[in-house]
Amino acid sequence: MGTLTTPAVERENYLNADYGIKSWLLTTDHKRIALLYLISITAMFMVGGIAATLIRIELLTPAGDFMSSDTYNKMFSIHGIVMVFFFLVPSIPAVLGNFLIPMMVGAKDLAFPKINLASWYLYIMGAGLMLYVILTGGVDTGWTFYTPFSSTYSNTHVIAAVIAIFVAGFSSIFTGLNFIVTIHRMRAPGMTWSRLPLFCWSHYATAVIMVLGTPSVAIALTLVALERAFHIGIFDPRLGGDPLLFQHLFWFYSHPAVYIMILPSMGVVSEIVSTFSRKRVFGYSFVALASIAIAVLGFLVWAHHMFVAGISAYAALVFSILSYFVAVPSAIKVFNWTATMYKGSIWLSTPMLYAMGFIGLFTMGGMTGLFLACLGVDVHVHDTYFVIAHFHYIMVGGAVMGYMAGIHFWWPKISGRMYPEVWGKLAAGIIFVGFNLTFFPQFVLGYLGMPRRYHAYPPEFQVLNVMSSAGASILAVGYILPLIYMLWSLRYGEVASDNPWGATGLEWRTPSPPPTENFVETPVVTWEAYDYSTVPEVPVAR
Amino acid sequence: MAEHVVPQKTYIWVWAALMLLMMTTAGLSRVNLGEWSTFVALAIAVIKAMLVVLFFMHVRYESQKMTWVVVIAGFFWLFLMLGLTMTDYLSRGYLGVAGH
Amino acid sequence: MWQSLPLWPSRASSMAGRTDALVIFLIAICGFVTLTIFVLIFVFAIKYRREKHPVAVQIEGSNILEATWTLIPFFIFIVMFVWGASIYMAEARPPKDAMEIFVVAKQWMWKFQHPEGQREIDQLHVPLGRDVRLTMISQDVIHSLFVPAFRVKQDVLPGRYTTTWFRATKPGRYHLFCTQYCGTMHSGMIGEIVVMEPATYQAWLSGGNAEGSLASTGQKLFQQLGCSSCHRFDTQGRGPNLVGVYGRPVLLDDGRTVIADDAYVRESILNPGAKVVAGFRPLMPTFQGVVNEEQVLSLIAYVKSISQPEQREPVSNRPAVPPHPSPVPRGR
Amino acid sequence: MHDSQVIAGEHLRPHYADMEQQRETATMGMWVFLITEIIFFGGLFTAYLVYRSAHYDAWLIGSEHMEFWIGTINTVILLCSSLFVALAVHAAQVGRNKMCALYLGLAAAMGLLFLGFKGVEYHQHFVEGAVPGSLWHLQVPDANSVQMFFYIYFVMTGLHALHVTIGVILLLVIAWYALKGRFSPQYHTPVEISGLYWHFVDIVWIFLYPLLYLIGHKKA
């Protein structure tokens, strides 16, 4: 493997280039900003995780006896808002995308480093405001903020929560804007579109959604806040307003937002499956174009969240068939990843285990999505635990698995240290088992008819709920383990070589951790992406 | 530099055209065109917007193809938003069943 | 078949079997594909692990394969769509002769009104084997009526009627859930649907009802609120004569025509200026805040009843009057 | 290229290869930002379209209560300001910093004038009772739907006015830089991209004007 022994003397890299709190808080280095994001989203993940834990404890018994229904409602709202807007949406893009995209395209930094830093500050402001909301009484509207409940009836901090999301949305727009322009304008000589790593392709698609979708939820939530504050009744049914208009504007973003969460994971998985099969990704151009197709088609399907909401039956037909269209590129990706493994030389490292878990769980999540796109079936399972199970298979089984895979895969590059492999595999196994035990019973619960957001439930649902809560506790262990051993590895981990996996991407042709300007000399790309016929001996830039 | 310096005269002409169009649309609003009035008003607005985009915002002289793509994508997505939302609202009465 | 499958909800409506058949089809297809993917990944991971297969075979890709796994799913998806859509459209169109029950949802209870006058809270009795149409409205936030055993769900909106229907096929008591999050006691907004043999249902109907039919409640209200002083049963009233109007087209003063359905009658009570009947002036005051949704529904039931010849009120015992009286001079 | 790099060296940020890349990057960034703005206003245009299709008569009534002349004058004002901004970009391109500052100042003044007229107009609505909610005392048929028109009117124009305000501040800052002689034929990207922003604000108004002010007047 193209490893040169690392000299004992630490060479200058982005971590030791400068010290002190100011050098971090005022940095414009995309790698340092990525680390700032890593720390902040991990903190928010824990907040969301605590809420999830409390929810699962409450649901151990049919009666609502652990907390009051108001508290419970706040818990699932906090869980949803924090996990969606403050963890999943920024997760891979803001951490891994931020860290890797400039390196992958061979640039010194993102196109707009200051805007990148501003994006982190906006995120922190949004997250801070959200924490303030949580600490001073919470919000009980669910993450969907449906009117007129959110605009008129809720007595909680809706306006503050809405502003928090608005601000975080701006941070997301800035990230997306930076990615689009960077991928267009900052590529190194020779880095053509057809040589671009699939990670960049999927982030490009993600960025398109961030830029085109986020403003829609911003305006929808602004109108909710205006309605609460000044009684501007655009969604108020008493004035002839239509609450469904809010749902349209909300889902115009929030459905594509699901692709903001899953597309970056798909990019990570493409990199990992290729690296650890030592093969070029099967059907590179199809995988790349499938990302773009998902980003575009993803905007045409939003009203499948509203099949029973009182929309016209004909609109439902249109949105149902469009929803099936968006399933096609997702299927293409799954088949191509599987085909990539065929006749490869498969190295079952931790990232590969996560990636394989991703493919399996995402397939299940996607397949159950077909049930929800199917009009007749959706009428029954809509707003039940079936939906909960489905989107957790996509967002946790998919997005978070991909995130874990990526963090492990690029940890040597980020930290310059290896994580402990045995613990890594163990955690991956625990997460896979815990995840399935948590969420598979929820498919059954949903089909049996248990509605979502229920504080108390009929006793016949208890067995499955207990199974789910048991799985959640296993899952929690699976998430805490990496947190511990990753921190441990920062100090005691084996020193990583520049390219411990023998991968082909440009980011592996620079030292681990990379210097501040990424490359000493601007690389000139003369090879195709994932060309594993010529690796492992890769020249290492110093 | 690939940048194109647009002569001042062009700007003045475009501005004159914009003013003319504005007076046309304001004047036409006083005339009853029936069904066509909205269409005409919007058509004039689109022409005005295109003049601004093409000349004042330099898209006409833009060397980057991407700018064209970005501009078109922006309006296309706006159209998607309006169009697909209206599939719901415009077909609500078709079935004659409340709520479908 | 599969009436008592474990982990399967009971099937108690005409729609349940259709939905379940489609679900079983989906499970079969999706299960097969998912399993294939799982097995392939597992087999590849074992068979081609680097210890046994140290050099990967470089394969660029295959357009034929890509086309295969693009087109085959696509056609399967079309089948799923058509099948699902046929069920959905059946659910969207209630049979014409269905008995109608009005539902008013509020935080956090369900109120049901039978046409015969029975009112129920959080419980609905329905006869076996009859089509039942629910016309629903919410007094506050969005709710959603869900009966798992019937595979039926429909959001209940404030300010607008929504409709769903079912035909119960098995006597028993079934869960009724609110599935659209509606505030503190959302999970307490539950109830049950009691499906009874038609004879038992008739017995239940005739017991314990003192109020008279919904239409008669509406009629009383029609008098109390003074509606009858303008909406007279002749052509002399300041408002249109409402006899025979329900369900027919109405010509408006701007030349449009609307069908006088539940939604139109409701709008005319609460926002009378919105769609004024041709030939009348917009004189009517709004009754928003004066009547609640249940009272509106009883008024609708009344208006409906005077459009059905056999139930026409004694006062209107005169030759049928055309629904659109001849124009009177207009103020505008 | 080499000349420009030498002259504008102080303005070239280290992660770009040359000035052209820097300029193209900045312009593209601004354009991408502007399409987020299109979608942001797009949500309101959607609301406008939905309710207009449902309550067309009320829309006519609402539009009749618009201040036609103020709306028209404001259109003239914004179109003129756009011309000034375009001329400012030209002045910067040919290296006339003073002229650039003057044009930008004029455009900003136009922006302020626009906001002033908008204020007068809002006051008129207030006096007329055309402010929905508790201040509403306009006697019109189907008042509910007319109020909806005014809600949408106030939100749309209010949000637009907010953008004008931001634009005025932006133009004044750039004018200040120009006054200090910061721009040159090689480096004037800030003038260009703030110009793009201002033109966008103008375009929004180009659509608001017929949609809000002109629909009702055919009856007059």
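Brief remarks on what is shown
Every chain is named by a letter (A, B, C and D) in the order it is written, and numbering of its residues begins at 1.
Here is the rule we use: contacts are C-beta pairs under 8 Å (C-beta built on N, C-alpha and C of every residue); 3 or more make two chains touch, one makes a residue touch a chain.
Computed from a predicted model, the values in this text were never measured in an experiment.
Chain-level centrality, scored on Cα centres against the all-protein Cα centre, points to A.
The interface with the greater count of contacting C-beta pairs, when A-B is set against B-C, is A-B. Inter-chain spacing, taken between the CA centroids of chain A and chain B, is 36 Å.
Chain B and chain C have CA centres that are 40 Å apart.
Chain centres here are Cα means. That of chain B falls 15 Å from that of chain D.
Inter-chain centre distance (chain C to chain D, centres taken as mean C-alpha positions): 45 Å.
In chain A, the residues that touch at least two other chains are 184, 212, 216, 240, 242, 244-245, 248, 252, 310, 313.
In chain D, the residues that reach two or more other chains under the touch definition are 24, 28, 32, 35, 38-39, 42-43, 46, 50, 54-55, 144-145. Residue positions 92, 154-155, 157, 160, 162, 271, 274 of chain C are each in touch with at least two other chains. Of all the residues in chain A, the ones that touch chain D in their complex are 107-109, 111-113, 115, 173, 177-178, 180-181, 184-186, 211-216, 218-220, 223, 226, 230-234, 239-242, 245, 248-249, 252, 517, 522. Those residues of chain A whose C-beta lies close enough to touch chain C in the complex are 64, 69-70, 73, 140-142, 144, 146, 148-149, 152-154, 237-238, 240, 242-244, 277-280, 282-286, 307-310, 313, 316-317, 320-321, 324-325, 327-328, 331-332, 334-336, 338-339, 341-348, 356, 359-360, 363-364, 367-368, 370-371, 373-380, 382-384, 444, 447-449, 451-458, 532-533. For chain D in complex with chain B, the residues that touch the partner chain are 1, 4, 19-20, 23-24, 27-28, 31-32, 34-35, 38-39, 42-43, 45-46, 49-50, 53-54, 72, 75-76, 79-80, 82-83, 85-87, 90, 93-94, 186, 192, 195-196, 199-200, 202-203, 206-207, 209-211, 213-215, 217-220.
Residues 7-9, 18-19, 22-23, 26, 30, 33-34, 37-38, 40-41, 44-45, 48-50, 53-62, 65-66, 69-70, 73-74, 77-78, 80-81, 83-89, 91-92, 107, 140-142, 144, 146, 148-149, 151-155, 157-160, 162, 175, 177-188, 190, 271, 274, 288 of chain C are the ones that touch chain A when the two sit in their complex. By the touch criterion stated above, chain C contacts chain D in their complex at residues 254, 271, 273-274, 276, 282.
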